[in-house]
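One chain, subunit A, appears in both complexes that follow, with subunit B as partner in the first and subunit C in the second.
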Partner chain A sequence: MKKNKKVVLATLPLAIIIILFVFTQFSVISIFPSVSAQDSEVRVIDVRAFQFGWEPEIIHIDTGEQVIFRIEGDKVVAHGFYIDGKDFYVYIPPLETVDVGPMVFDTPGKLKIRCSETCGPLHPFMVADIIIEPNFPYYTFLLSALAVGAVTVVYVQRGPKNKMLGVSLDKEVDLLRVRGIGPILKKALQWRGIHFALIWPNVVIFMIVLASGFFGNPTGNLNFSVGVVWILWLTAVEYMILFAGRTWCTLCPLPAFGEWIARRRIYGVHKLRKPFSLDKKFPKSLNNMWGSALGFLGISLVVPWLVTRPWVSGLLFLALIILGVVFTLVYTRRYFCRVICPANSYIGYHANASFYAVRSVDKSTCDKHIEKECMRGGPKGYACPWVTPYPGGLTESTWCGQCYECVKSCPLDNMSVKYRMIGKDIANMAVLAKRRFGMAWVGFIRFNLGIFYELVFFGSFWALKDWGNMGIIFGVNLFNFGVLSPTTSAFQMWLVWAVIVAGVSLVAYPAVFFVFTSLAKMAAGAKNLSTKNDVFVPFSYALAPYGLFIWLAFTLNLILVNWAYPLSRFSDPMGWGWESSPIIPVEGLKASWNPLAPELLPYILMPIVLIGLALAINSTYNIAVKLFGDQRMAFRSTAVMAILHTGMALFFAWIIIG
Partner chain B sequence: MSLIDSTLLQSSREELKKYYWSKLGKGSDVTKDSKLKPFSEMTDYVYKAWKAGLDKKSETHYAGALLFDFILQCTGRRFTSDVVEANAITEIGRKMADHMWNQLDASNGDFSAYKSLVSETADSLLETKKVKK
Partner chain C sequence: MNKMAMKNNLKNLINKVPENLWELASLVLLLVGVGFVFVPLMDGIFTPAEADMITIHLYQHESGGWSFEAPPLGQSMEHDEGSIILKKGELAKIFLIGGDVVHSFVIPELNINSGPISPGKTKIIEFTPDESGTFSIYCGVVCSPEHHFLVYKLVVME
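The block that comes next holds the complex of A and B.
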């Protein structure tokens, strides 16, 4: 009976979302009956298209109202007029005005106007909002967020022990010992050639990325380096993190060149030769998350250029390859990955919220084993290239790059791959990480940028995009990179953008988080603990699952709307209009832009964010239990932090449908 | 070059007997060479590593792991779940490799002297020759 109650409580948030969704979709029309199309007058809405926005940015329409969009074309380029869920694409030639309609919007909510003709680098993000009043789904989403927050708080009030949303954190599946697939997987991971076999295709893809970045079509969505990397890869990595931890790091070609040179081997274990490297000791003070976290933030400052200009992408990847080789030739092991790679910060951080982890089968066996080939290297595998202090004792995934050298080198067959509930290690690692501020700031940067990107790239505020873009309308490759020189006023606006991006991520949100942490500590009555030294960093680890789910939502939005761009790039990587590529000669891959269920996007994205919210609240509780050692204190502090986490979910709801 | 001290020799013999020779079975297939293969491979490695000027500490550890790896291979196994066995073999391997390394240092890499040291140690391990006191 008690068990049933807990299951009900755990599944209640999901149930609420489903009920409210159904209610919104099917009942709202009867509550707010639409005006009959025949009875109403036709309203003409003037819309102006320009690179890369629409004016007005937000259009309010009543449910059932008949409207005609009178679209004034751009002065120079053609645009396309597309509304989510409507089955038309209207071509808007330059200097012409086109009427679209009359049409009626029957369902309340928010739809996007999108440009359907490639009109320049920021074309995929040229959107405006149509809000169909009364925007009942928005209020439903707000209620859902409040309900999920409240129900999760009620759930933790009951004192679940070592559980995440009703699922025990003690249970885990050893994937290498699962009947059937286990032995095959084990054999594959213990095969020395696996790493090379997985990386090699990505090396080829990487060469295409560099070639297309420098020499391909200057417009982003028509170029492999942008279409594939910033739409397909970005999305794939986020979902890999959730389901397969740091699998991207297993596949990544960036450090491979340096590693092959340093080891003097492509895949074998080569002893009897010193590494081709200076083998210097890496400075201890720099061996932390700050480098890659600030690198990620630095990239974010120029993200509108990076994700739309092939040359900028090509330059970044070339720089990363060179840095990867140089770092490996100086320090031998994967310090490039640990402290430089911008992706390491978030992949490593969020891997702690993954279902997947490399762990020892039995830690006591590792403890008893004297030789520890995982640390020193052995005949079958190198010492952990990621310089993990003790792979056998791994309790977090932050620094484990999933190279599986420990799985290969262990003669006791004691390293394995575990599948378990999200957040199994978060509480333990959080309480031990009281002063790992670098990790906390990775959490803040990622969490805020996930929300900010949703606002910038899929929001209707054209000015935000333009500031980050420095007002430049041209696509760029190697031959015309000079056009990226901004005007003084555009550069000043970019500075405003940079201050917003960096200020929110580095200062404003951490400050708010600190205040809430302080209030949570007060609510818990933990007078002997210091907010700064004991509570602030541990509580920030709740952002590992929350931030990941925010990014899962953002990237799902990205791929569902723009899936055709990366797919087409496989048949024409350079964007030169090839009928079929000599590399992958499949003409069928040329796909037309056709968003998948864009009118349902808010209903797809919001549940993902709400799962993240519930995970964040439950993680906070688990951390607090370990930190305070008392369930009541943990509950009181969790209730305070839940207000902040729920507030952010409300803000996300406002962005996607408000 | 001086032979490995009798205590280490004795313990090495016992561990090899317990974890390796006893698993080879009894019959004409079990030759002196097959009994000594892991040891010979390990000593070969030690010489090569010494000659390559590598780091003594890490290479002697590696030699211990190598001895164990060859024993696993020669007994038709990829792994063992017995941590006591793993510890025992790698430990005697490391100590023997350490001794060999020191002798190479002392003789400045005299290969013929090293070969006779290895051969004498092998005989002593198999007790085909009386251990010099």
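The block that comes next holds the complex of A and C.
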């Protein structure tokens, strides 16, 4: 009976979301029957298209109202007019005015006007909002966020022991010992060629990225280096983190070249122990998350250029691969990955919220085993290239790059891959990480930028995009990179953008978080702990699952709307209009831009964020239990933190549908 | 004893061969991946689609302007210099490739207008110039603030 109750509580949030959504979809239709065409006047809405936005940014329309959009074309280039869920793509020639309509919107909510004709580098983000009043779905979204927050708090109040949303954290599945695929997987991971076999396709893709980045079409979405990397790869990596941990790091070609040179081998293990490198010791003070975190933030400051200008992407990747080779030739092991690579910060941080992890089968076997090939290297595998302190004792995925060298080198066959519930190790790791501020700030940066990007790239505030973009309308490749020279006023506006991005993620949100943690500590009544040294960083680990789910939502939005661009780039990587490329001679991959279920996007994104919210609250509770050692104290502090986490979910709801 | 050592050596050698073969195969594959991917991509930029065709990539002016690739008779040109050279009375095929934004190819004096060409789309225009002289080529769709400077020359020789 008691067990049943807990299961009900765990599934309650999901049930509430579903009920509320279903309620919105049906009730509104019955309460507000659509006004028939005869008894309403046709309203003409003037819309102006320009690079890169629409004026007005937000259009309010009543349910059932008949409207005509009178679209004034750009003075400069042609655009396309598309509304989510409507079956038309209207070509808007420059200097002309086009009427679209009349049309009626029956379902309340928020739809987006999107540009359907490539009009320049920021074309995929040329968006305006149509809000169909009364916006009931928005209120339902707010209510469901509050409900999920409240239900999760009620759930943790009952004191679930070592559980995450009703699923026990003690259960895990050893993937290499599962019947069926287990032995095959094990054989594959122990095969020395697996590393190269997985990286090789990405080496090819990387070369295409460099070629197209420097020499391809200057407009981003027509170029492989932007279309595939910043739409397909970005999304793939986030979903890989959730389902397969740091698998991208297994596949990544960037450090591989240096590693192969240093090892003198691509496939095997070199008999000589001395690597082909200077083999210097890495300075200890730099060996932390700050380098990656600030690198990620630095990229975020120029992200409107990076994700739309092939030349900028090409430069970044060229710089990264040169750094990767240089770092490996100086320090031998993967310090490039650990300290420089901007993706390391978030892949490593969020890998702790993954279902997937490399762990030892039985830690006591490792402890008794003196040789420790995983740390020193053996005939079958190298010593851990990621310099994790001790692979056998791994309880944290942050620094494990999943290269599977330990799986190969372990003579006792004691290293394995495990599948378990999200956030199994978060509580333990958080309690130990009392002053690892670098990790906390990765959490803040990622969480805030996930929300901020949803607002900037899929929001209607074109000015924000323009500031980040410094008002430059041209695409850039190697032949014309001089175009990227902003005017002084545009540069000043970019400074505003930079202050917003850096200020929110480095200062403002952490400050709010600090206030909430100190309140949570007060609510718990833990007088002997200090907020700064004991509570702040551990509680920030709740953002590992939450931030990941925010990004899952954001990248899903990206790929559902723009899936046609990366797909087409495989047959036309340079953007020259090829029907099939000499490298991937497959015809028929070219698809015209055609968003997938865009009118349902908010209903797809919000549940993802709400799952993240529930995970964040439950993680906070698990951390607090470990931290305070008392369930009642833990519950009281969790309730305080839940207010902040729920507030951010409300903010996200406002962005996607409000 | 000696025989035994030799046998062991042979065994070692046999054991060793596959590994080195793997190593060599990996290296070859890597070089193929690096080099032979780059080359065809680069090749596509600088050679026209068909030997007797004049290929034009349509770009905004600041982005490099229209780039022309033409067989020996026509002159290759970049940016706003140079011109297409054709022979009077000979069929000319012009292969237009939509570049970054919508463009079109217009020669008013010869009554040629391609209509808008979207990015990534292509169009082939065929015509036979029947009078010699120099004609202006314009972009028919406003494509950038520099659009009005996008003027190229078509020279028809006797």
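In this section, the second predicted complex is superposed on the first by the 656 of 658 C-alpha atoms of A that agree within 3 Å, B and C clash if a C-alpha of one lies under 4 Å from a C-alpha of the other, contacts with A are read in each partner's own complex, and residues count from 1 in each chain.
The rule we apply is simple: contacts are C-beta pairs under 8 Å (C-beta built on N, C-alpha and C of every residue); 3 or more make two chains touch, one makes a residue touch a chain.
This structure is a prediction, so every number in the text was calculated from the model and none was measured.
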Label the relationship between subunit B and subunit C on subunit A in the superposed model as either fit or clash.
-> fit
In the overlay, answer first, second, both or neither for which of subunit B and subunit C A:Leu596 touches.
-> neither
Could you tell me if A:Leu323 is touching subunit B, subunit C, both of them or neither one (first, second, both, neither)?
-> neither
Name the contact category of A:Asp413: first (subunit B only), second (subunit C only), both, or neither.
-> first
Comparing subunit C with subunit B, which touches more residues belonging to subunit A?
-> C
Specify the angle subtended at the CA centre of subunit A by the CA centres of subunit B and subunit C, expressed in degrees to the nearest 10.
-> 90
Classify the contacts of A:Ala498 with the two partner chains as first (subunit B alone), second (subunit C alone), both, or neither.
-> neither
Would you sort A:Leu95 into first (subunit B), second (subunit C), both or neither based on which partner it touches?
-> second
Given the touch rule stated above, what does A:Asn480 touch, subunit B (first), subunit C (second), both, or neither?
-> second
Touching A:Gly378 in the superposition: subunit B (first), subunit C (second), both, neither?
-> first
What's the minimum Cα gap, in whole angstrom, linking subunit B and subunit C in the superposed view?
-> 7
Touching subunit B and also subunit C: which subunit A residues?
-> none
In their shared complex, at which residues does subunit A touch subunit B?
-> 190, 271-274, 365, 368-371, 373, 376-380, 410-413
Subunit B residues touching subunit A - in the complex, by the definition given at the top | 45, 48-49, 52-54, 58-59, 61-62, 64-66, 68-69, 72, 78-81, 83, 86-87, 90-91, 94
Listed in rising order, the residues of subunit A that touch subunit C in the complex are 74-78, 91, 93-95, 117-120, 192-193, 196, 200, 203-204, 207-208, 210-212, 215, 217-219, 222, 260, 265-268, 473-477, 479-480, 483, 568, 572-578, 581-583, 590
Residues of subunit C defined as touching subunit A within the complex | 19-20, 22-23, 25-27, 29-30, 33-34, 37-38, 40-45, 57, 59-60, 62-64, 97-102, 116, 118-122, 141-145, 147
